[in-house]
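One chain, chain A, appears in both complexes that follow, with chain B as partner in the first and chain C in the second.
Presenting the complex of A and B:
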């Protein structure tokens, strides 16, 4: 009886995932799955639903009259709608505002000046939470005082939310980078998927010689720069404490990554933009993208529907299609000299709660719902930080026709290999200055090795402005 | 008779073209034409591209060899629907807010700056020069320098997140005061004002019955400049407004670009969320541009006439 109920739950959940919005991945119809895989998925999802629901009940809403304001981006609107549906008794108390969250630290300072106006819950990356956690901003509530410790332990990557020993946010998702490759092209050209960055460099020479015009990656902004540097363990901005930041781009780990970049720029296997620029998308649409180090959400959020079509309209004849099992996923590359791989993370957001909120219980309940609710997360292209939800994501990708093979084990493993440098951002924005450094390299026609000192000169004043002592050891 | 007139006109145009070519020479003419063409392309192509962008899918937005091609009516309809439905119709709400904020700011700024500029131009009273200097200095102050004190002041009056946080600061229009001062100072003969006074007009009546009708081109020009400034007002509202229900169009457009997938496909999506693409952002941009174009077309006569204000001293 119990097995039958689990099977029924699996069918219902699979049905839900196939009817979600355009951003949701398509799950392969039931006939393509074996009965065993269906029942496994059902068991996992049902267990997750039960566990997550039980944990959500821990938030105590004692004040039922004070409203809360939630700052979100447009993509988080279903979270607010879902919460109101699940908790109709609180629906009238929750107001959402779509904001440009990069303004969050500046607006917080304004509210501090006026003594009012703070939002109660904010969807933001831990790097932004870090920026509002200092004494000047003094925004977030220490969640270790309101969320049980055993619940906090179930958030992967929770270290990102800890500042000076205080838990200032609940992680929403992890965005570890993995190695994506075009499986049919690798087979056609007889290439082997690289395991190390040295392999990648050798492959780039081979591609440049035998298949010019095909690309193994792109470097055009701060994020793509991090995909190389953090994977090498480069201490370009490593927080040693809340007051000390190490900026040391002269470290050999930085130099080797820069040399690889220079090598691939020179042999024209590295494109020169970010992941979303039209020219790069066109390369992918023209089936010239051989390999790319990119975050986990790119699989279902960018390869599917942007790089690989049908997008939302006409496509070229050569564009890979999302049902053709084009997308191979390999583990993050490591350097031969290193014992283990490290990988950068792009994104991976969180929910933070204001210490000024007048309805702490409702704010905490909202954040717990947003990060733990299995119905909300079913079909998501994000890799949940809430560990019990991760099998839900894995069950979805295991059967997605875009993948050449089941990538879930690679995704899981990569989640444990996020670079400690990328896992602890300083209290200021890194992406804008690093993007300037990358663009300078191209505009001045320099090498990355020659441009690396610019990183120090770009980051040092920003760090000092935030009260850091900058060291190079 | 009409035919004869047309023939005469054609002959006159041929003669003026010949005289024109004679002055420039054929090479000079071609060079001038080429320069004008380059500037026309430089300014017009982005706008035309924006128009076509609303009709094209992300997959073919950049891929066609000729970028100025029409996509499909279906895509246009989808862009329209996505933008109209954005956050339960917030785009229309922002459009309404923008019209209200702009209208009230425009009326308020004209009501303040025309009398102020007029009295500075024709009046002689202690402190006039100081006032003029202050007007000039405030005209040159960057908006960003004023935002924090304004924010604190409006917060004190509990006006943050209300329409007045946008409208009241926008009524302060020192450029309008200065332009009015220049206009009346150079175009309104003092003898005319004296004659009206001798005839028994009060100062208010001189302003209302004499200065204001004579300043009609100035009024049109100021109205257009004020409309344009208020319609595109971004930084002030960006700081003063935190609730998306009271956003104006520029702040709303910024949130569409910054907080949706329009320009960052696939970045951290959620199941069930509407997926926005570049065509939707282009449609939102058109929502902002079209009203300015319409207002410009209707006020063009005043704008060009008023633009020569103060050029010739009468």
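Presenting the complex of A and C:
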């Protein structure tokens, strides 16, 4: 019922506005796969061949003919189709259902009550897997018993699938944030791309003075908020153990990020919405977007086709076109005082398998296929977690005419810098309460520094309801 | 003497009570029969679930299966001690204070106005009032979202002129009781106007004529003749609107969804807190404890109103 309502919401909103209608990527941060362009075909082919040379699937499908149900989102339909094509002998055993995966923990509880109905394989972010891993939900199968250890090692970011020493999912893709910039504008204005947040603040003053109306980023929801906070290492929701959560927004790392936000809100170089609102897309379409901290999939999923046209939004003669080599990609910014950069992640999903499945072999084979098959991943806009596949993505982006220069080295590096809070979430949704905090700051016309205590009051009851002990130090 | 008299009297009393019951049963048999379908459904969908909730509220949930009576009062302590508990009930109180009097006042006013000048125009208007009722809750929420977003609203220029340039400027925690009142009014008012107006149609024309002969003008007639006549209907509406509004859920839930991301706390109404306990946390016990409180509030509200107004007595007399 709730899903039906949400779908209805999406349909009606899409009909009446692009402001909210384009919000769909918020819950499906891994966008649909796009075909590789012709010019990159050769490079991609060789990368695909290289990835395919390693024989990947190892799962043993036993003689059982029990069917499996796979929960996916719309964008994952090609995975199911591809699996059925590659393994026609199992095609009749695989049923897929498109679900709103935010409801996965709730539905799992209902299945627990009735003792049946669980899906066998679910596409969901590690943060959602964490929510079904506790004693009440008790959903996932420990994959360390069924997937060889040397295979598990080849998944980048696999740590976020490990809960209390058990491997509860196979990573699908990583969604590390990087620094995107508008290369022609930077050249035209004579700016250098910042390497630190201090540089960014200095640049914001310069932009405010010389080129008012241009933007270096946006802050309007939970995701954009944590793009600043996690890069600073702010322990706003740091899991100390499965029962202790640290919510410490008084930490200097939080204050410095909040001060930067306040500075850039005040000098009007930071816009006040999330990535997908009509007003922000308009700024990008008008070529007033100088710089943006955003996840890796935004390059081919959002800049291409939403910010840079041909696109669905209104175009002007200044709108960057997707073949103009507009998009520069720089490493995640670091704070001067920090030794290394940290970066947030928005999305970056995984496949988890039910401990109730009657056909374990087939379920595991499906998850391995979904995360490892080179033909499936050829042309994907997502950055694969399966390390042998990463050259495929790199070959795609290296030759894509949207990029000012080859971004693959930056993407690879950023993949290793995802912050510990990153996608190791506590067992409750952080985005909705953080969005409320950000919106409250704007509606009360306060500073972020003054609003930070609200993070504690918003997150603490949620954590306590989940059985966490909340500590502030 | 006394001891011997008592046994003699007892069978008599019993017999007479029994026979009274028997007569009552025979006389009212058909009424009980007519009420039976309702009673069955109320047992299955009302009383049964309430008793089950009572059982669950003392149960502990781990490994997915309930252990009855294992929790003691822990679920109550957890739910009623939650930092959000007073917030959500505070929110609800604000909403009720705004929505109940405003909703009922406007409905009564419109019904009286419709009745002042009966004719084709007023029947057309009555139909017009009824139309928004065809839009159900969730769709209505989306409609209101579209109307309150200055970027897409037909009233956008007015909002912009008043300084509200985005959705968040119109929908924020302080404005929510009014936003939900608007939503509730447009979904329910049409039906209530039809009911109240229908009630007025059944009024004795002689009384009205008598009032006119005594020199009543239209307003006096509405205030002194029609309004007292409508009283039981108004009480009835109050009970139902109160019970409905206490159960507020869909509107705030949709506004906080990832699709809309309005500036609304994730748990704004008590029902959302119960829902969150059940389906975010997996603690059905705490959710049941909150649900029972909601049930108690609804029942107490209805009881107070019925006792205070003598609603059923009035209904019996007329």
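Operating definition for what follows: the second predicted complex is superposed on the first by the 411 of 473 C-alpha atoms of A that agree within 3 Å, B and C clash if a C-alpha of one lies under 4 Å from a C-alpha of the other, contacts with A are read in each partner's own complex, and residues count from 1 in each chain.
Basically, a contact is a pair of C-beta atoms (placed from the backbone, for glycine too) under 8 Å apart; a residue touches a chain by one contact, two chains touch by 3 or more.
Source: prediction; values computed, not measured.
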Problem - Which of chain B and chain C A:460 touches, first, second, both or neither - result: second
Practice task
Using the superposition on chain A described above, determine whether A:347 touches chain B (first), chain C (second), both, or neither.
Solution key: first
Practice task
Using the superposition on chain A described above, determine whether A:102 touches chain B (first), chain C (second), both, or neither.
Solution key: both
Practice task
Considering only the touch criterion stated at the top, classify A:237 as touching first (chain B), second (chain C), both, or neither.
Solution key: neither
Handout entry: Partner chain(s) touched by A:136 [first = chain B, second = chain C, both, neither]
Key = second
Exercise for the section: Considering only the touch criterion stated at the top, classify A:77 as touching first (chain B), second (chain C), both, or neither. Expected result: first
Problem - Contacts of A:173 with chain B and chain C, given as first, second, both or neither - result: first
Problem - Which of chain B and chain C A:319 touches, first, second, both or neither - result: first
Exercise for the section: State whether A:221 touches chain B only (first), chain C only (second), both chains, or neither. Expected result: second
Exercise for the section: State which residues of chain A lie in both footprints, the one left by chain B and the one left by chain C. Expected result: 17, 20, 23-24, 102-103, 113, 278-279
Handout entry: Residues on chain A engaged by chain B in the complex (per definition of touch)
Key = 17, 20-24, 72-79, 81-82, 97-103, 107, 110, 113-114, 116-117, 119, 173, 175, 276, 278-279, 281-282, 285, 297-298, 300-302, 304-306, 309-316, 319, 347, 349, 376-382
Problem - Residues on chain B engaged by chain A in the complex (per definition of touch) - result: 56-63, 71-72, 75, 78, 86-87, 90, 148, 151-152, 155, 160-161, 238-239, 242-244, 254-256, 258-261, 263-277
Completion exercise
Counting only contacts in the complex, chain C reaches chain A at residues 61-65, 78, 82-84, 138-139, 141-143, 145-146, 149, 151-152, 166-169, 172-173, 250, 254, 256-261, 263-266, 276-284, 286
Problem - Sites on chain A touched by chain C in the complex - result: 5-6, 8-10, 12-13, 16-17, 19-20, 23-24, 26-27, 102-103, 105-106, 109, 112-113, 134-138, 221, 274, 278-279, 428-429, 431-433, 435-436, 439-440, 442-443, 457-458, 460-462, 464-467
